[in-house]
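I'd like to ask you about the structure that follows.
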Amino acid sequence: MATTATPQPKINRIGLTVLDYRGGKTTLCAGCGHNAISERIIDAFYEMGIAPERVVKMSGIGCSSKSPAYFMGRSHSFNSVHGRMPSVTTGAVLANSKIVALGVSGDGDTASIGIGQFVHLMRRNLPMIYIIEDNGVYGLTKGQFSATADLGSKLKTGVINDLPPIDTCALAIMLGATFVGRSFSGDKKQLHTMLKAALSHRGTVMLDVISPCTTFNDHEGSTKSYKFVIDHEEPLHDLNFVPHFNEIDVEYDAGTSINVTMHDGSQLRLRKLERDYDPTNKTEAIKRIMESHEAGDVLTGVFYLNTTAPNFLDMIDMTDRPLATLPESVTRPSRQVLEECMEELR
Amino acid sequence: MATTATPQPKINRIGLTVLDYRGGKTTLCAGCGHNAISERIIDAFYEMGIAPERVVKMSGIGCSSKSPAYFMGRSHSFNSVHGRMPSVTTGAVLANSKIVALGVSGDGDTASIGIGQFVHLMRRNLPMIYIIEDNGVYGLTKGQFSATADLGSKLKTGVINDLPPIDTCALAIMLGATFVGRSFSGDKKQLHTMLKAALSHRGTVMLDVISPCTTFNDHEGSTKSYKFVIDHEEPLHDLNFVPHFNEIDVEYDAGTSINVTMHDGSQLRLRKLERDYDPTNKTEAIKRIMESHEAGDVLTGVFYLNTTAPNFLDMIDMTDRPLATLPESVTRPSRQVLEECMEELR
Amino acid sequence: MATTEFAVHGTEHDAVREPVVNDFSIQVATVNGSGSQSANTVLLRTIFKMGVPVSGKNMFPSNIAGLPTWYTIRASKKGYIARKKEIDFLVAMNPETAREDVMSLASGAVALYDEPLKLNELRSDLTFYPVPYDKITAAVCPESKLRKLVRNMVYVGVVARLLNLDMAEVEKALRKQFAKKVKAAELNWNAAKAGYDYATASLTKADPFTVERMDKTAGMIIIDGNAAAAMGSMFAGVTVVTWYPITPSSSLVETLIDYMKAYRVGPDGKATFAIVQAEDELAAIGMVLGAGWAGARSMTATAGPGISLMAEFAGLGYYVEIPGVIWDIQRVGPSTGLPTRTSQGDIAFVARLSHGDTCHPMLIPCSVSECFSMANDAFDLAEQLQTPVFVMSDLDLGMNNWMSEPFQYPEKPQNRGKVLTAEDLDRLGGFARYKDVDGDGVGYRTLPGTDHSGAAWFARGSGHNEKSQYSERPDDYANNMDRLTRKFENARTLVPQPEIVRNDSNEVGIIAYGTSHHAVVETLDQLQSEYGVRVDYLRLRAYPFNREVHDFIATHQRVYIVDQNRDAQMHELVKLDIAVEDIAKLRSIRHYNGLPIDARTITDNIISQEGK
Amino acid sequence: MATTEFAVHGTEHDAVREPVVNDFSIQVATVNGSGSQSANTVLLRTIFKMGVPVSGKNMFPSNIAGLPTWYTIRASKKGYIARKKEIDFLVAMNPETAREDVMSLASGAVALYDEPLKLNELRSDLTFYPVPYDKITAAVCPESKLRKLVRNMVYVGVVARLLNLDMAEVEKALRKQFAKKVKAAELNWNAAKAGYDYATASLTKADPFTVERMDKTAGMIIIDGNAAAAMGSMFAGVTVVTWYPITPSSSLVETLIDYMKAYRVGPDGKATFAIVQAEDELAAIGMVLGAGWAGARSMTATAGPGISLMAEFAGLGYYVEIPGVIWDIQRVGPSTGLPTRTSQGDIAFVARLSHGDTCHPMLIPCSVSECFSMANDAFDLAEQLQTPVFVMSDLDLGMNNWMSEPFQYPEKPQNRGKVLTAEDLDRLGGFARYKDVDGDGVGYRTLPGTDHSGAAWFARGSGHNEKSQYSERPDDYANNMDRLTRKFENARTLVPQPEIVRNDSNEVGIIAYGTSHHAVVETLDQLQSEYGVRVDYLRLRAYPFNREVHDFIATHQRVYIVDQNRDAQMHELVKLDIAVEDIAKLRSIRHYNGLPIDARTITDNIISQEGK
């Protein structure tokens, strides 16, 4: 605590400053989209007043997966193996359902080696936030195509991708995730809003964030370059978020906006831009995404939101207390139980 | 060749009898849907006059994956490891692009452990036929739910499935497979027709065939039982197939039918039943499948067909000759080439 | 029949036919899916309840129904419960294998057969008993659909009569078997009685085998190893269980689910555990590590193929130092090997599972009661050492029924290892995750969610310093690796210590582990009674080995190591670990055909190597 | 600096400063992504082209840009190309590590530094040369954006002047480096000249290190091991290549793609190969097996984590008996270990990769020329033995540049193994896939697509008889396993035989493999020249071992086995394989901090174990 007369730093609702949400110095390349995403994460967690001690940062392998070292140093973090962050996170959330799990993955980590665990995580609707820092290439292994690379996208070496991309958002919606959106590391406001809303959701939040790799995929001919995304971004709607602990502000017009009440009482408002869009309709969401591919747009926004589906913890009907710290008196049945079991076997 | 006067057995266009397409005696349970599928495979290959020597039967692990031992004994076969048949098949097809690859998998083999390889196989549109013998459970390990089990489906033990099913057809279409359909082991004509059409396609054919497990998933409460499927099957259209080597017959009405010309010149005819359906429209196909889930129907038929997309062999621009048997003169560059390479490095 | 390695030669039975009491083996040859498992269990329980030591082993195929299956029951007044190589009493229910089943019997054995098959014409040196199953079954079971199942209970009745089993015990066993299915129980009991009556009326006892009441099983239980492991895991306080079905491990978790639902749901109706069927074994172990990292007692169970898929994560667990328990119910070779046959084939692979320099502790139960107790040991050890611990069971132990003394309630409180709470951190003012504060190679950890601003540490592989900060420094790396070596050295004294079964000569010793134990104790007697050779015996219960193992070898001239695998895997691990001057003492005995090892094989092998 | 294990103590440099010609090491300390790799290559090539034996090693971090990186160049008139532990000449370009870099130099060493950093104030026992990089660079490079890159070429010029390098050779090397980028070449050449001129004008040579022309590299090439392996694979006739990117193996396949595109496209413009970037390593090996089964020469390349993921399939390959080549470019431990540092850590794991009883042949190249030739050997062996063959390279060999004699064109035709054609089948009238017709354990196979009604066989794991029919018979299983053992025994004589480098005493021997070789040959000289000890040396080139290895050990009193891993993995494999009476002779030398092993470490270790 500062005792001198210097001006008090700004604090959030749990009394922390934004500095308390910082991490180590980044070792990613200058200009890497992943760094911008780290900044947005810091801001969102700070503004929502999430205690960093309650957060676990989970990742696989890649430049993106290294980034958790560069934000929220007061949170536990697990840099696991390539493509398998979902399972590690599932275990951690089961062990302690009170923690806020934030997974950070790359497009290679998720859509190439990791697509199997991704699919099954989405099906389970495990409460967590899953961010793909999507640059269409393997950054850490120096620029090979990943499975989200668009058809016709070109590598620096001139090689052209001829395999169709996996749209992780369409997939996540189809499979069972309950909060699915796409954003862009360069779209500060949208990403920031989506992250805050994500923190109010209890279920799998899957955010595919286009995050250009300045070193290997930011050139002419790439569809994941800053220039391309800026030129082709098409936001579905304008997003506003009112956290549950703020007074509800006024400017809300039911004619032009949809208001979604999140699990914790926060409000996510989607102001329509071009045409009507109902973010609770799975089939339409997938259709709209597929259309955007055909149009060559980078559609962003919250594609799908379902605040009523049960999440995995609901399904397995588990105690509220963290399993990890249940006392022996709860986890070890009595002698009588053993005797009962023995008798059954005699 | 029979020299006695006994009546000649029927032969196909390459002079083989249906017996030449038989395999070992099945060791699957009586009534298992998989056995019926084996029969349809035998008939289709026989009728299309595919030489069994040109065929490779590929599988993973499971009751379904054992079934290749029970048909076409004159074909090479590879019973590999659980969930990884796609990669083994990819290797085999690359090594010998002249072979006809038939993969047989289970719903566990495909949608649980194998979903990663499934996804990437579909993306590649590798020329092969991929059949899922789909019973919603792991047969060989005695009846646990697989990832295609429907919401609310009940195990014999009373356990209810609360995870959403993976619709392998919707997935395959979204990812890039070019011939996708669903059928039922009990729907003799439809399955037979689809298999013959599949043999005329050059690209990934993905057929999800509901194939009840009489031992572990054929009871009241299961959505993959014979009774349930018979009661809920909703064919998209009536299928007819005219092989390229047959004279084109007449009864074809452009008003009620769609005619698709396959890669080898065969014709697949889809006669509409209820409403119009365009099997070349990806987005509509997925929408229609998702709707059927909501309606609780078992939609069957050819959902999607694309005869123009390049397959994987087209993409990599490989020689027509089987790589496996290219002579050393082709695969080992000359001494001059080595000298050139050396000079470059001096 | 196809489950004995070769036709065995008649020995004892050639002699005068004195009564052979409580010392014989029955083999029921049938096809799987035919419901004979219930009948066989009734036979097993009946003998057990008559106070006679008994064991049962199922040799079943890798399919669901219709392929040859053999079930052997051994009664042994001396308490031998290993597989007996010789079959004394065959119940030939499978027409497909009947010929070979009969042909491979030793002279003097008994064969019960389906009358129309006329197996009696095959040989003249056996005692044959025909049974007209169709006729008997039809009489007691009007519903023809059920006859296939009921048929089996007929042979139970016949065998009961021929072997002098107490029909009251048969009835009890049968009613226990069918529990709440009263109607089925009734039908089956009638069938058993009909078999019994048929035998009474139409068969003349012409063989020496018979059962007499003893009192050697009083208070004992019958259970399979997987169920015992499940129960042990529950009493160990497991909270997170992940799995992917695979024979022969599935029943471990399936039984665990039942137990947990029965005994680990709180008063509020909420589960104090989570059990997840994962999408595959990579996910299963990933979840175990995630949960172990977050502080739960987490486990999974699998078999060889799953172990292979877990390799990368196993290494990560070793380097990040995360507790977790992995049961490997070992079976033969790849998925398309003999997945329903037993083996101890994963020992060497698991010992250093993962690329790079890794090593893992293994616990090796030999009995159902050790399955129970080691479930607890494994969690204590994993949390104490902060590392994945493997429990190496096998199909024979896991899936077969074994009699046992009742299990002991765990007396020691759970050892949750070195975990710092927020209060500890306040007191200490900080911590370094990988610092060897206590000199035992084990650092202190904090759990995610610990409410302290200094609690967090960054979990990653070996690229870190003592404070778990990113480091590529050669010295940080080497120091950390050396600490891990120290930790593993330390594990030697923490793992369950070997059982020294006998140690009173200085000449010949046997070292065995797991299910081989039961054959070895019988071998000890065979060697003594048949050859007058007295041999010592140490049973390994864990890896790494401790000093008692070294001493045992050091104090003997020749030591036979028994492996149920081709490559003498434990023999190799021992060889790598002991003093050089002792290596020459080692001999290897290997058994690897998918069947549980038997005493005769070991005895013969030792005698031949001993040059006797 | 952080890449030496500890500060080395001044030895030779303390003495009178006689000129040290063609015998020193340069270390350039920089950050990755700064473009210094080009500058370092120019330095390396210049020395090489002056006829002086040279080697270069890059110690780089596991990220893309901005972290400390060290590049060492060693010039050695005696031809030593292992890493030299002591640094003689430091080019300190990285302000972040500069202090530590300078502090860890031996007394008498040289440090070139950026003038404003005033590193000269740190110590008085070094020769310091200040270079005002900013000033010099600004003068030759008006475009400020490019200065960061060009700066590196300035030190090349300074070093050239100080070490007496031929600027004509510098220019040639530089222009080769920038090949078609003429403008960049010009700019860089100006920078080099500016550095040279600055040194001429402002620095006074005060150290003894200098280069003089020799003729020891005439006709030789410079290449990294991965490129050599790629080239070798192409000449071996590979047709199917699958991969998943992973350091340090990616460049093997990426180079192979370039070569194949250049030389393996037919006159019709069609590729005579398929290269597939798989979705992961499970798929990569699955494709290799599928292709190998179908008859192609198929391969993949990976590193430790990929090897772990390949475990299940590796076992399947062993049991189904499918050829395939897997390159393991070994690196340090898990993905979050030190993935950009070298190691020989996968030896023990790969030797028996997969659950169950499995064993795999490994080829172990020590040089770029062996990377080339063993690529061919591996295919011949895999097809001959019908089994997956692993080639165990490492990061040091794979990713660093090595000088070499030019590669030899493969003289022997491809050995495609025992494959039956339709004509063979006609002639033979049939075949049994797994019958040991020739007594070498290897059966005959047919390829899918063979136009013969009797060609088909059913590929599955170990659950089959000789005819590849489904079988669970104990005897079928055991017989098959025994044949596989015979086959592996047979492999001993088929794998590349060891190189007996020296064998003229009967006292002390060294056994090493892979990249340790280069340190060991230097150690031989150190032992002789410094201690008067003459030591023999055998270099392993493959596993399983053959009789020469056994004989070498048998004929020596003490044998040191050198491993670049913590757990003495090769030492263990040898120990398990040799005659018991020879085991006591084995000693172990381990090196495991992520840096390539150096001669001094080995020499010191031997001397201390020898008690001298």
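Order of writing sets the labels: A, B, C and D. Residues in every chain begin at 1.
Here is the rule we use: a contact is a pair of C-beta atoms (placed from the backbone, for glycine too) under 8 Å apart; a residue touches a chain by one contact, two chains touch by 3 or more.
If you're wondering where the values come from, they're calculated on a predicted model, not measured in any experiment.
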Item to check | Neighbouring chains common to subunit A and subunit C, by label | outcome: B, D
Checklist entry - For subunit A, which other chain has the most distant CA centre? => result C
Checklist entry - If you tally the C-beta contacts, which comes out ahead, B-C or B-D? => result B-D
Item to check | Distance between chain centroids, defined by C-alpha means - subunit A, subunit B (Å) | outcome: 36
Next on the checklist: Please tell me the distance, in whole Å, between the geometric centres of subunit B and subunit D computed from their C-alpha atoms.
Outcome noted: 44
Item to check | Whole-Å gap separating subunit B and subunit C, where each centre is the average of the chain's CA atoms | outcome: 40
Next on the checklist: Can you list every residue of subunit D that touches 2 or more other chains, as numbers and ranges?
Outcome noted: 61-62, 279-280, 305, 312, 316, 334-336, 460-461
Item to check | Set of subunit A residues in contact with two or more other chains | outcome: 79-81, 112-113, 115-116, 119-120, 147
Checklist entry - Touching subunit D in the complex: which residues of subunit B? => result 20, 24, 51-54, 56, 58, 69, 73-81, 84, 86-96, 98-99, 116-117, 119-120, 316-320, 322-326, 328, 330-333, 335, 337-338, 341-342, 345-346
Item to check | Parts of subunit C lying in touch with subunit A, wherever the complex brings them together | outcome: 219-223, 231, 234-240, 242, 259, 263-264, 266, 268-276, 278-280, 282-298, 312-313, 316, 320, 406-407, 409-410, 413-414, 446-453, 455-461, 470
Checklist entry - In their shared complex, at which residues does subunit A touch subunit B? => result 112-116, 119-120, 123-124, 147, 162-164, 166-167, 170-171, 174-176, 282-283, 286-287, 290-291, 310, 315
Next on the checklist: Could you list, by residue number, the parts of subunit C that touch subunit D in their complex?
Outcome noted: 2-6, 61-62, 303-305, 307-309, 311-312, 315-316, 319, 332-341, 343, 345-346, 348-349, 352-359, 460-463, 472-475, 477-478, 481-482, 485, 565-567, 569, 572, 575-576, 580-581, 583-584, 592-595
Checklist outcome for this item: Seen from subunit C, its contact residues with subunit B in the complex are 33, 62-67, 244-247, 250, 277, 279-281, 305, 334-336
